[in-house]
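One chain, chain A, links the two complexes that follow: it is found with chain B in the first and with chain C in the second.
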Partner chain A sequence: MKLFKFFVSKIFLRRIIPGISIILLICLSNYITFTAVRTVFSTYQGYQEIRGLNQDGNYIANLDPNSTIDFGAIELDKTTEVYNYLSSNFDYAFYVDGFMVSIPNRDDMEISLCYMNKAHYDLTQFNLSQGTGLTFDYRFDGNSEIPVLIGKGLSKTYPVGSTIDLEDPALGQEITLRVQGVLEQNAYHSNYYTLNSKSYYNYSIILPVNEEFLNHANLDLRVNGLMDIVILQTTNEKISDLRAVIQNTLGLKLNFFGQQDNNEYFNEYYFHSLKIVAVTSVILLLLITCLSVWNAMVSIRLMLKDLTINLLVGLSYSKLRKMFYSYFGILFLINLVIVFSITALNRYGCWLRKDTTFVTYGLFGLIGIDWLSLLAVVVTDIIIGVIVVECMLWRIKKVPISLGVLQ
Partner chain B sequence: MTKIIDLSIKEKIYRSKESRISILNDFNLEVVAGEKIAIVGESGAGKSSLLNIIGLLDRNYDGEYTLFGLPTNHSDASKLAQWRNQKIGFVLQESALINSLIIEDNIKLPFLYAGAGKKGQKEMKDFESIVDAIEIRSILKKKPLECSGGEKARAVFARGIIMKPQIILADEPTASLDVENRERIVALLFRMNKEFNTTIITVTHDLEMANRHDRIIHLERRK
Partner chain C sequence: MKKSLFRLADIFELSVAYAFCFSLCLMFDYVKTLEMTSDILTSFFRNFLKYQTMIVILSTFLVAVFHYQFSCRKKIEVFCRILVGDTLFNITVRYSLNCLMVLGFVYLVFLATNAYLGFDLTKNLYLVLIFIVYILISARQVRKYEAL
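Let's look at the complex of A and B:
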């Protein structure tokens, strides 16, 4: 330990420019690795999620980018006509989120309400930590209780079996919800069009939407529901008819994308983007590795005399190798702690800002993809470390160390 | 008389892209404890290479080398490093100091590599007596760049003998010193030999200095 301290303080860190350069290079490689791996994993998770919806015969709606919505011009009765048409002719998956309410809870968070019908629920397949799944055959009247699933964050305040009274913004009336089950922590929903972006359900309530519920819902829920509606097991011709019905009835121009369209979209935007992210990251990492090796060679040239003198008085190559690995190990560890701290600050910041849809559970809020990305950083560091240290030793042995070095 | 060095070199080769240089061809050397040997010869004859081999820094040659009765060619590198620390002292030119360390830390450098129990009171006593004998107390807290050539040469000498080695390998230790400092270093070197029966092997271009050794070995460059 004394020898290691001596080498770090009196030899390695005495070469300030190469010392700082290697720290910056490691920092850069860690940041690139972490960002690239997390983006790839997160996109993959989003892709897996949407794969359940993106089946042959399914069509996912999206508002035409050239169209605008004038809520004031849409009549509630007309939306009823559209939903009646939908119910008569199609199976469809309905999902709307983003309605916020305030109810008492331990962390004083605003709560996000997510509405989904049975078809969407069946396709999503939530994992529960407590209780049972949703039922959709409840009767909707002023006195009945609607069975709901809640996120882990609400489970302490509202255990399974308890009730929640709130004014539902989609219904515009007081309702009573009964907690049927609790979602696994960090259950999420990916944005269909930005697959690596997620909303977490930890402070959400998932409400089952049946026909009766929809009939009582206001315009916001009904129109928003159409924006991302997924029509199941149908044909192109029937979708064309639906498109015309929605446009003629509500003035909304929706596009419906089938499996092939979606696959092409994913290939064009996501797969291609991920390829670019992966290839660019690998090239950058190779470049950083080369720069690190070059930087290490410069360091060796500057340290050669000092290392030679140490070899003369009892240092062995094996001890030197151990010291190089220990030194780089510490540099990597410091950089890993920096990446961890930035990630933790980011995740924990969501708790401090009470950012309902982004708060996550884990050590400082870190979740699976964060840990996997940190693991990737460790692996990258080990590879770069081994390459740099072995190149340094190769360079030292190539000289070779001799009295001639000192003359 | 105990034989401590038994070296037999068939050939030592230096290769570069353009050339292949062969030195120390069929070179044999036997040294007994307490002997003083001078190695002389023109530049490129292999004087420093020979010291590298004797000092266990270079094992890349065709030959056999037995030191203190132990064949070194296939010995564990850590063991040889330990011998460099405890049995062999290198006395080099005055530039062989680490500039970021003060003279005291430069002299005590071998203590860092000594095993447990080698850094105790006895070693400190040795250090103090060497510092006084060599008259370098006034520069202990200085960095090498703040010292004169003679002071640095004495500091290098002090580091070479701090572990009380059985063999001292001196590589042109006085090459860039004035007469007064040169005499001082030579006297210190021979004092070690006389007091502790230390074997001295000196590489030098200075024939006058070489003549003060028990034996002179001439190395010739192969034509």
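Let's look at the complex of A and C:
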């Protein structure tokens, strides 16, 4: 330990500029690894989520990007016709989120309301930390309580069994909700066609939608519901009819993608993008490794005299190797703390901005994919560390001790 | 380059260090021009683009490393040159001019690349200023080796 302290203070840190440079290079490599791995994990999570919906015979709706919509021309009665047609001919999974309301809560957050029907709820399979699952057979008569699930952030203010009174923006009237269960912390929903982007349910209320509820809902909920609707166990012909009905009745041009279309889309779009992310990251990491080796060689050039004098007076190569590994271990630890701090600050920023759909719970706000990405950073650091240290030792061994001392 | 402190390998090393910083700047500008249809790529590159200036400025530290190690390595050579009649003023001026020549050459190459790709030619000018500051600081360092 004494020898290590001496080496760090009198030899390694005496050449401070190469030292700072290696810290910056490692920091950049850590940030690249962290960002790339988190992107991959996040996309994989989204892909896993959509796999439940993307079954043979299921069709996921998506608004045609080339179509223009005139919302003003859509009438409520016409949407009723479409939903009646849907109910009598199909099973469908209905999901809409993003309706915001203000209700009292401990963190003064705006609350996101998510509406889903039984089919969607069954396919999603939420894990609950308290209470029981949703029931969809409630009567909607304006006075009864609607059973709901809430996110972890609301569980202290609204424990299981309590009621919440709010004006529902999708209904335009006061309703009473009864907390039936609390979702596990950081439960999330990925966008069907942007798999790496997700919204977290920590400050959300999940409302069960049945036919009666839908009949009372306003135009926004009904139209938004159609945009992401998933038609279950049907055929191509029936989907063509549905598309025509929606277009003729509402003027909405929706595309319905079946399992094969979706798989082709994911292969072409996501895997291609992930490949670009991976290749770019690997190239950058290789470049950084080369620069780190160059930087290490520069350090060796400058420290050669000190190192060879120590080798002359009895320092063994194995001890020197240990010291190099310890020194780089400390540098990697510093950088790991930097990446960790940046991530924690980003997560904490969501709390400060009161960004309802992005706030997360965890140690310093970090969630599973963050920890996995940090693990990947550690692995990359170990690889870069071994390459740099071995190159340094190879360079030292190449110089005869007598020549090194003379320098 | 006859009386220069620079050897061919040093010129190459310095050019690569300059080129790395300029190419990093160019790469960021290029990524900005890409019309990305993929959200994954957009969000991935956004993580770097928001720190663009900071990353590019910190990358110039590699050039600082070069100047630092170069001036340390040439300590004895500077001293010996003074012993055989060279003046410290001339050595410093030659050193600065050599660095500026390499910088000028690399900058011109990237200026041409920027012009070819249709990017703003003044975007990487701040790097030139940073590098000139490094050259001036390192030239001051060289002057310290008069008495070894």
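Just so it is clear, the second predicted complex is superposed on the first by the 396 of 407 C-alpha atoms of A that agree within 3 Å, B and C clash if a C-alpha of one lies under 4 Å from a C-alpha of the other, contacts with A are read in each partner's own complex, and residues count from 1 in each chain.
By our rule, a residue touches a chain if its C-beta (ideal position, glycine included) is under 8 Å from a C-beta of that chain, and two chains touch if they have at least 3 such contacts.
Since the model is a prediction, treat every value here as computed from it, not as a measurement.
Judged by the touch definition given at the top, the superposed model places A:I11 against chain B, while chain C stays out of reach. Legend: residue contacts after superposition of the two complexes on their common chain; A:V313 is shown touching chain B, with no touch to chain C.
Look at A:T80: by the touch rule set out above, it reaches neither chain B nor chain C. When the two structures are aligned on the shared chain, A:T249 is found in touch with neither chain B nor chain C.
In the superposition on chain A, no residue of chain A contacts both chain B and chain C.
Note for the complex: chain A touches chain C at residues 15, 17-18, 20-21, 24, 28, 31, 35-36, 39, 43, 194-197, 269-270, 272-274, 276-277, 291, 295, 298, 301-302.
By the touch criterion given at the top, residues 48-49, 51-52, 55, 57-58, 60, 77-78, 80-82, 84-86, 90, 92-93, 95-98, 100-101, 105, 109-110, 112-114, 159, 171-172 of chain B touch chain A in their complex. Across the interface of their complex, chain A is touched by residues 20, 38-41, 43-44, 47-48, 55, 58-59, 61-62, 64-66, 68-69, 72-73 of chain C.
Only residues 2-3, 6, 10-11, 14, 305-306, 309-319, 400-404, 406-407 of chain A touch chain B when the two sit together in their complex.
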